[in-house]
Amino acid sequence: MSDASVLNKKKFSLQGIIPWIIPLAIILFWQLVVSIGWVSSSVLPSPLEVLKDGIDLTIKGELPQNMSISLYRATVGFVIGGGIGFVLGFINGLSKVARLTFDSTVQMLRNIPHLALIPLVILLMGIGEPAKIFLVAIGCMFPMYINTYHGITSVDHKIIEMGKAYGLNRSAMIRKIIFPAALPTILMGVRYALGVMWTTLIVAETISASSGIGYMSTNAEQFMDMKTIVLCILIYALLGKLSDFIAKNLEIIFLDWRG
Amino acid sequence: HQEDNAKLKSVTIGFQAGDEFDIAKSRGQFAKKMEKKGYKVKFKEFQNGAAMMQALATGNVDYARVGDTPPVSALAAGTKLTYVAAGGTKEKGSGIIVKKNSGINSLKDLKGKRVAYTKGTSSQYMLLRALRKAGLGVDDIKWVNLDQDAAAVAYSKDKVDAWANWDPTVAQVELTENSKLLVNGKQTGAVNRSFIVSPAKFAKNHRSLSRLIIKYGEQDMHWANTHHAKVIKLMVKDLKLSKNVVQLAVKRRVFGIYKMNDEYAKEEQKIANTFYQSGILNKQVTISKHVDYLK
Amino acid sequence: MTANILMTIRDISKVYGQHIVLKNVDLDVYHHEFLALVGKSGGGKSTLLRLIAGLEQPNNGEIKQSDRLIEKTNDKARMMFQEDRLLPWMSVLDNITFASKNTQAQKEAKNLLDLVGLTEYADVYPTKLSGGQKQRLALARALFAHPDLLLLDEPLGALDALTRRNMQDLIIKVCQKKQITTILVTHDINEAVRMANRIVLIKDQGIKEVFENPYQGINTTEAKEKRALIADDILEKILN
Amino acid sequence: MSDASVLNKKKFSLQGIIPWIIPLAIILFWQLVVSIGWVSSSVLPSPLEVLKDGIDLTIKGELPQNMSISLYRATVGFVIGGGIGFVLGFINGLSKVARLTFDSTVQMLRNIPHLALIPLVILLMGIGEPAKIFLVAIGCMFPMYINTYHGITSVDHKIIEMGKAYGLNRSAMIRKIIFPAALPTILMGVRYALGVMWTTLIVAETISASSGIGYMSTNAEQFMDMKTIVLCILIYALLGKLSDFIAKNLEIIFLDWRG
Amino acid sequence: MTANILMTIRDISKVYGQHIVLKNVDLDVYHHEFLALVGKSGGGKSTLLRLIAGLEQPNNGEIKQSDRLIEKTNDKARMMFQEDRLLPWMSVLDNITFASKNTQAQKEAKNLLDLVGLTEYADVYPTKLSGGQKQRLALARALFAHPDLLLLDEPLGALDALTRRNMQDLIIKVCQKKQITTILVTHDINEAVRMANRIVLIKDQGIKEVFENPYQGINTTEAKEKRALIADDILEKILN
């Protein structure tokens, strides 16, 4: 990290370019494959066609609208699920009784594929917006839970002891020692959860949806609209880049002490 | 003309649980007969038509047995496929189901109701036909797009009022959920026929193979029509449905594998037109250009 | 005299696995006294402090402070550990005040920072400090507290002679001013006789001897000489 | 951890029971819900019916057969994907150039839902076994990657410096310092990957499968065989418990030094 | 004389942010000599060692060992850090041998473990050790290496008088036997004059003075007195 700070500006712009080399290479290769006819463009449309599809859908307003409704579902689900996972992870990390009671159950539940959960979700939540958000929340809950829990149980025993020896009460202990010490691992959970947030949407938006990027994607699959399928894949990839960007910045902001 | 080169040994057929080829596969005669002719048959099971069309487009299956809508969608998407045969219909076993006590007694009563369907499948076409028949507009009902199992739960818990579907699900719902068919495929004109399609190039180069498949397939279907008890037993085991459900579904179904004709092509054309007019597909397709009327 | 006792340690033993660290230790600690613990490395000095701080429980015997049994973390004691145990995510200043609810305390903390010679480092993270600077920060943190009993485990081991001398004086001054009873673990016998009025020698899993040092804090040449004699005495007892 | 070791046998048996309280409570509540007729048993079969279904399928040999084929796919996919993720995470963790080149791409790819990938997987790998294993491998790759990468980049700089000052060459540095230090985080990645391994199967086994637990589950969905759907959910949960058990034991074995 | 020089330090400076730690430092280190670095806490001793070990690069100037420029980690030097930096996942014995490819080395490691008094701890994890035991383990690790140049940063700060004395002798013995040039950082001036033949005083961001100590290793009363005089001299220079 420390060497990064002494890099001059020239290196910095290079650092901005390198990460895009492979994605670009993939796109070029893909264009080539389609151009020389190795696969027909009805099976795999060329990048240019996909781009055109993207522009069309943007102009028609379909894409922005789907993106924004998905963004809404994703964010609300993330906040609720991530919040619950965080709290549950925190409690289980701190209390041995809670851990014994809940951890095993959570570890069992997190293994159930979202796809398989749909009937139960409908049973519990109906087919409206809450059901979709619920599923995203479930998805985001587990990584936040696991990482928070793991982060807290791995806090160096020595500094906890130090906190005790200086008379910190439980709340101060959590705020000043346990939470900051667990934060790097928790932020890794945020990183996971941000990924899961988008990937559960595609499942959530099979529940009676008529909008959203996940809907767009499954709908395209039903109608074999490869251009849109690939467009959605690209959008997911870019959202991934965005999540990564957010996660990285959270780390930079909150973990500045790690230098 | 000279086709079917001797080198070809294996032929891959995509099917779905409970369909014509599932029966042929389970009975076992089909594969034996094909083998005598020098073909090893590989059956590949799929969970839905879209996936099968995907496999067909990428050359992973040679023949695909699908419902009536997936080939239309695939053609609109630019997939080069050819209809080589048609199956029977489920016209009596598909339609719109409602609970008996729902107060919905005619198509007109659907106005303002929530109706479950699955996008891109026959049920979407079925609903469009039904609305037209009742003189209702497309927006007069609430369209609820759900997968099968999701729809089942939603229907049972009254999250939706009606459900466009086909056998054996319809039979099951009729028997377990105190429901009735409000309208069936025969009445709406959405007959829900199955088709056998092939990659266009393959179909062109293997016409006699296609004939063989139709011939032996038809023999199995004849057997199925005359041996309901055995078919029922087979399906009970395969689909894990209760016997009375399968009985109901099998009884009202006619099995068959036929060469394509104009009538079948027109049925598909109607779907294509309807989907295009409703904006579901953004390309008009002419089905007859993609049919091989094997003589 | 008993009224004057802050802490009674009775017949305590501590065993790690098969390894007996302390056996049947008895000790009284008086109000406002300055006690030093000396002994060989690995002899159980840190262990005794940890027992007193309630961070560990004895396998046998009991420790009472102001007539209350120490069963879990000792609330009336504060401890400076042998390692610095600083919080890397807090600034140097926050590392001192982190346990205080008093916002007025900021001034005292800054004052202490001056006294340990870290004024200019108030706002940096402790990772930027040198070994001795870290130790002084940990010392400031300990002196910032207002306990009945202060436990210092080798507080000055990483300091040069001059700084060490200054810190010795600082500790004595603060503890006198705040009327804190202090137990100091040190390897430096001269430091022990300079700072403590009683020196406890830990050896062979127990308290070998307790040395009274009436000359603590007196600056006459005679007192210095007497202290040197006591130091020699202690050293000899350690060696044999 | 240390307090756990002093627990006597009686407490231990209690500790064995507590984790099952909530799962049991859920099952009892569920039986109740079905018994009082809040939901019809065709929508949500009772636990007893599900159990009966499970026994039936086991006797018929269907369940063990599907489980074993799934286990095979899961294991192979896990080994390949986990292995690749591990190696990639390791390389990116160690080399700044590799990190710049690959990390961003991986972060983008991991965000693409498996469901959306299916058309591409069919295009690349066909519809046979390789396609299914490929998808599982993709799924397992990312958590292994992220955790290995994160584990390695978080190794305490001080002990790396110590290794340097004692003349460790690159390979010894990795074996003796970086790997053991990163191991706790890597094992957390294994924990994630073991979960993902099962959840991707349900998607993988929609690609022209005729066997496997994922197939069983989707097939049951097609024909609304709610008993089997719920049975599959329970199996997934138990597999989750198994994964947790494996992960915990790996931790106990390899991280004994954390005491 | 130049032929006898192992390391030349020329005009080096080291700056952290705005903070100048070392400025225009020049020093020659001779083959097989025992050099001590003394100076106030935070004065830059550890920094100088880190520069020599190649763990950090100077902002200015150059360091050469056997005529090779130190540009990255110095391969011919080994360093004992001020903190113990033990590997928690390795047994005490493995912590000594971890960098060695020689399987024969096991015996030497065990021997060293005896010499630092940790025989019975060979197979436990270092978390079980007391502060001073950890330090001795780190010392054993350093003495186990066969470098041209050994850098010891406060190796004995956590040890009691007796153990400390023994360890001093051990260090001298091993370094002489293996013909290792040694640089020792210490706060204990008596330790410096007892062990080193030259003592370097670091003050005000540079080398204030270098004290020759021809009496190192000589056990006559006269030599002891001379050493005491040198120590007094150094102490005075530190204070002013």
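Every chain is named by a letter (A, B, C, D and E) in the order it is written, and numbering of its residues begins at 1.
We take it that contacts are C-beta pairs under 8 Å (C-beta built on N, C-alpha and C of every residue); 3 or more make two chains touch, one makes a residue touch a chain.
What you see is a predicted model; the values in this text were computed from it and never measured.
Novice: To get from subunit B to subunit C along touching chains, fewest steps?
Specialist: When the steps are counted carefully, the minimum from subunit B to subunit C is 2.
Novice: May I ask which two chains are joined by the most contacting C-beta pairs?
Specialist: Result: the chain pair A-D has the most contacts.
Novice: Going by average Cα coordinates, which chain is farthest removed from subunit E?
Specialist: So the farthest one, by centre of C-alpha atoms, is B.
Novice: Report, in whole Å, the distance between the mean C-alpha point of subunit B and the mean C-alpha point of subunit D.
Specialist: So the centroids are 36 Å from each other.
Novice: State, to the nearest whole Å, the distance from the C-alpha centre of subunit B to the C-alpha centre of subunit E.
Specialist: So the centroids are 84 Å from each other.
Novice: Quick one: subunit C and subunit D, Cα centre-to-centre, how many Å?
Specialist: Spacing between the chain centres: roughly 50 Å.
Novice: Quick one: subunit A and subunit C, Cα centre-to-centre, how many Å?
Specialist: 50
Novice: When you check subunit A against every other chain, which residues touch at least two of them?
Specialist: 43, 119, 123, 221, 226
Novice: Specify, in ascending order, the residues of subunit C that touch 2 or more different other chains.
Specialist: Residues 83.
Novice: Could you tell me which residues belong to subunit B and also touch two or more other chains?
Specialist: 54, 58, 147, 149, 152-153, 157
Novice: Which pairs of chains touch each other?
Specialist: Between chains, contact exists in these pairs: A-B, A-C, A-D, B-D, C-E, D-E.
Novice: Once bound in the complex, which stretches of subunit C touch subunit E?
Specialist: Residue list for subunit C touching subunit E: 16, 38-43, 46-47, 82-83, 117, 128-133, 135-136, 153-154, 157-164, 187-189, 235, 238-239.
Novice: Per the contact definition, I'd like the list of subunit E residues that touch subunit D in the complex.
Specialist: Touching subunit D: residues 53, 55, 73, 75, 77-79, 81, 83, 85, 87-90, 98-99, 125, 127, 141, 145 of subunit E.
Novice: What residues on subunit D touch subunit E, complex-wise?
Specialist: Listed in rising order, the residues are 158-159, 161-168, 172, 176-177, 180-181, 183, 257-259.
Novice: Quick one: in the complex, what on subunit A touches subunit B?
Specialist: 40-43, 118-119, 122-123, 126-127, 206-210, 219, 221-226
Novice: Which positions of subunit A touch subunit D when the two form their complex?
Specialist: That would be residues 15, 18-23, 39, 43-44, 96-97, 100-105, 107-117, 119-120, 123, 142-143, 146-147, 150, 154, 184, 188, 191-192, 195, 198-199, 201-203, 214, 217-218, 221, 226, 229-230, 232-233, 236-241, 243-244 of subunit A.
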